[in-house]
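The following pair of complexes shares a single chain, subunit A, combined with subunit B in the former and subunit C in the latter.
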Partner chain A sequence: MMYSDIGRLNCNVSYTTFSTPVRGQGSDHKEYSSMLLKALEGAIMLETFPKTTVDVFALVLESGGSDLPVVISCASLALADAGIRMYDLVAAVSVSCLGKNLVIDPILEEESYQDGSLILTCMPSRYEVTQLTFTGEWSTPDINEAMQLCLDACGKLGKVMRSCLKEAASGSQD
Partner chain B sequence: MGLPNASGDLSTEVEVDAFRRLFPLRFYEKHLSESIRPDARPLGRARDTTIALGAVASANGSALAKIGSTTMLAAIKMEVMTPSPETPDEGCIAIDFHMPPICSPIVRPGRPAEAAPVVSKHSGMINLKELSLVSGKAAWMAYLDIYCLDADGSLFDAALLSAVAAFSHLEIPVVSLNDDGKVVLLSEEQEGMSEREPVNKDKRKLILSSIPFSLTCILHKNYILADPTAEEESIMETLVTVVLDSSSQLVSLYKPGGPVLAYTSVVQDCIALTRQRVKELQKILEEAISGMEVD
Partner chain C sequence: MVGLSAGEKHFIQGGIAQDLRSDGRKRLTYRSIYVETGVIPQAHGSARVRLGATDVIASVKAELGRPSGLQPDKGKIAIFVDCSPTAAPMFEGRGGEELSTELSVALQRCLLGGKSGAGAGIDPASLVVVEGKVCWDLYIDGLVISSDGNLLDALAAAIKAALSNTGIPKVDVAAETTGDEQPEVNISDEEFLQFDTSGIPVIVTLTKVGRHYIVDATSEEESQMSSAVSISINRKGHICGLTKRGGAGLDPSIILDMISVAKHVSEQLLNKLDSEIAAAEASDEES
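Let's turn to the complex of A and B:
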């Protein structure tokens, strides 16, 4: 491999064969690995570990909707737990647009009927977005509302993640 | 300090942790001579074991088994298939064992996992005839997938335990025949409402006769270490896996080579240890099942 004076990040998302209602459908999500990489890469201080690769492997045990946001938030917690330096934790939330309704954190059934979906990944305490994905049909006022909804939710999720890390760290010290 | 010309001189000077890394075998042998292991277990004791049933809601039966930090997740999905003409009234079981890269630092994606044990079909546990729906036309195909989430030694024991627990948790879905004679799944709301009679009303649970349990032991010199961790497995290489069923009858015995030879007395000792372990595991499994029924 080529010499690199900044670290590398390598991500892989896979599904168990029993994670989806029909066996073996989980392999459809090939793009998740690269989306996870893009979501995390902006938050990690890659220059703090030159000549080194960090591998992030995510395995979805059971898929119940909003998989990618969970994978991203979970991966950022794992990186923090491993002591990888980051600017901030990465929290991700998705919103589905069903007709005129916006549904936050949709379940599998809601996702199958959605007209459009939004996944927002951000660093809550810096209030910076690392990844924003829109798919499907959206109207401009809905976009604004959905983004605000996601940003608020990410802020709340970030707090939960932070307290979870603190708990784990104080638990291991005892 | 002089040059370290003999490891014995150093052993008292260097710190315990450094000694453990530099001379792992001597480190273990010092413990073994005191009849204790570095994790404070006596030689013949297995690690704490837990079973959680119903860990995956999207599967028909599932279980998470933990032996120490070795973690296995087993799940069963049932599908209807046409049985082969040779065995028209028998179903089928397909078993897959997966070691994703998260389970151990030495497992890399793309490379086949060396340690991947194959949980063989233990004859007698499941009567394949019970998986039959309509003779010659339809039968159940049970896909059993076992994922190793954390590999810390004794993988086969944990995999077998999770598989057995998943089968005891398995609830077969209700199906009925439609007008074309095809088998269709009935959802829970339709149950009772549909005029069509379910084919398998009384056969929702599999009857498991003689459940197999296993124990892996390491042989090293004269010592027998039950339920080794990954570290122990990497240092001392001779393994013996004994599988006994619930009435303590021998199902299989597996010793894949290794530098230590197993004499009759050693094999008997291993079987005796397994017999004790089977009682423990049986109790743990029964507690897990009765815990599910209360909920």
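Let's turn to the complex of A and C:
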């Protein structure tokens, strides 16, 4: 591998064969690995570990909708637990648009009937979006509403993740 | 990777900050678009789009197939992108695979709409011949011949041009069939149906270099980017898809600002592209 003066990040998302309603359907999500990479790389201080690769492996045991946001939030917690230096935790949330309604954190059934979806990952304390995808047709007021909804949810999720890490750290000291 | 010296990097960044890029363009100006249609006789529709030194071909093939059990009233559309090793040395072997998947996924997201088919550029319901039994499967293939940045915008433009060049053969259903039998169909080789391509969006990629963002970045400019946002916008000014590339984070207000800039740029791009496609179609018919 080529020399690099900043660290490398390598991500891999896979599904178990029994994670989806139809066996082996999880291989439809080839793009998740690169999306996880893009969501995380902006948060990690890669310059703090030159000549080193960090591998992130995510395995989806049971797919019940909003898989990618859960994978991203989970991976950022794992990185923090591993002591990898990051600017901030990465929280991810998805919103589905069903008709005129926006639903946050959709389940599998809602996802299969959605007219559009939005995945937003952000660093809550820095208030920076690291990854954002839209599918389906959206008007500008809808985008504003959905993004605000996601950002608020990411803020709340970030707090939960933070307290969870603190608990784990204080638990291991005892 | 583009190898640039510190001086060259500084020159590119400085030019962008002063709204005068190294090829003389302003920040929000596209390179001239050149469209050619009907380049692949074997396909049902094809187009070649050149955007400066970026050169891509899109072809559309239609095959009769069975609709999926979950959505019996919809045809299937698949988009694949292949990066030719002639475009860049790094595409040799399996090197282009990652970029190919990234581009395919981004195009699928931007052109095919939500899972229910809402907001799709092509209505999948128009591809059905006999509900639940026969439908057209549309295979859209993109090929990158030469890469000088902004591949996604060029590919989306090529697909739009290829689809407006596409004629799907008219199908006659021979006789009424009952039960689970596959109906017999007759494919006409004289009559073709055209698509309505007015709803197909264009993709505008805004690349952020320093504090400013530019459209239609060349590969030198792309090497200096901190992040890029690709937004697909249709005639109505609605967002049909959005993908972010590059790792650096963006402030939410900047993203909203980028969307409004992209909307403004997309109007000009759509008009330019439509006139280019019309001109290409006219010269294609003459020859």
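The rule is short, and it goes like this: the second predicted complex is superposed on the first by the 174 of 174 C-alpha atoms of A that agree within 3 Å, B and C clash if a C-alpha of one lies under 4 Å from a C-alpha of the other, contacts with A are read in each partner's own complex, and residues count from 1 in each chain.
Quick note on the criterion: contacts are C-beta pairs under 8 Å (C-beta built on N, C-alpha and C of every residue); 3 or more make two chains touch, one makes a residue touch a chain.
Since we're looking at a predicted model, the values are computed, not measured.
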Three-chain arrangement built on subunit A, subunit B and subunit C clash or fit: fit
Partner chain in contact with A:F57 - subunit B first, subunit C second, else both or neither: first
Of subunit B and subunit C, the chain that contacts the larger number of subunit A residues: C
Which superposed partner A:T133 touches (first subunit B, second subunit C, both, neither): second
First (subunit B), second (subunit C), both or neither touched by A:S19: first
Touched partner set for A:L151, first subunit B, second subunit C, both or neither: second
Partner chain in contact with A:E111 - subunit B first, subunit C second, else both or neither: second
Minimum C-alpha spacing, chains overlaid - subunit B and subunit C, in Å: 10
Subunit A-touching residues of subunit B, taken from the complex the two chains share: 55-59, 62, 73, 75-77, 79, 96, 98, 100-102, 109, 143, 145, 147, 149
Interface residues, subunit A side, partner subunit B - complex: 12, 14, 16-21, 23, 55, 57, 59, 61-64
Subunit C-touching residues of subunit A, taken from the complex the two chains share: 30-31, 34, 38, 41-43, 97, 111-117, 122-123, 126-140, 143-144, 147, 151
Residues of subunit C defined as touching subunit A within the complex: 70, 98, 101-102, 105, 109, 113-116, 118-119, 227, 229, 234, 238-252, 255-256, 259-260, 263
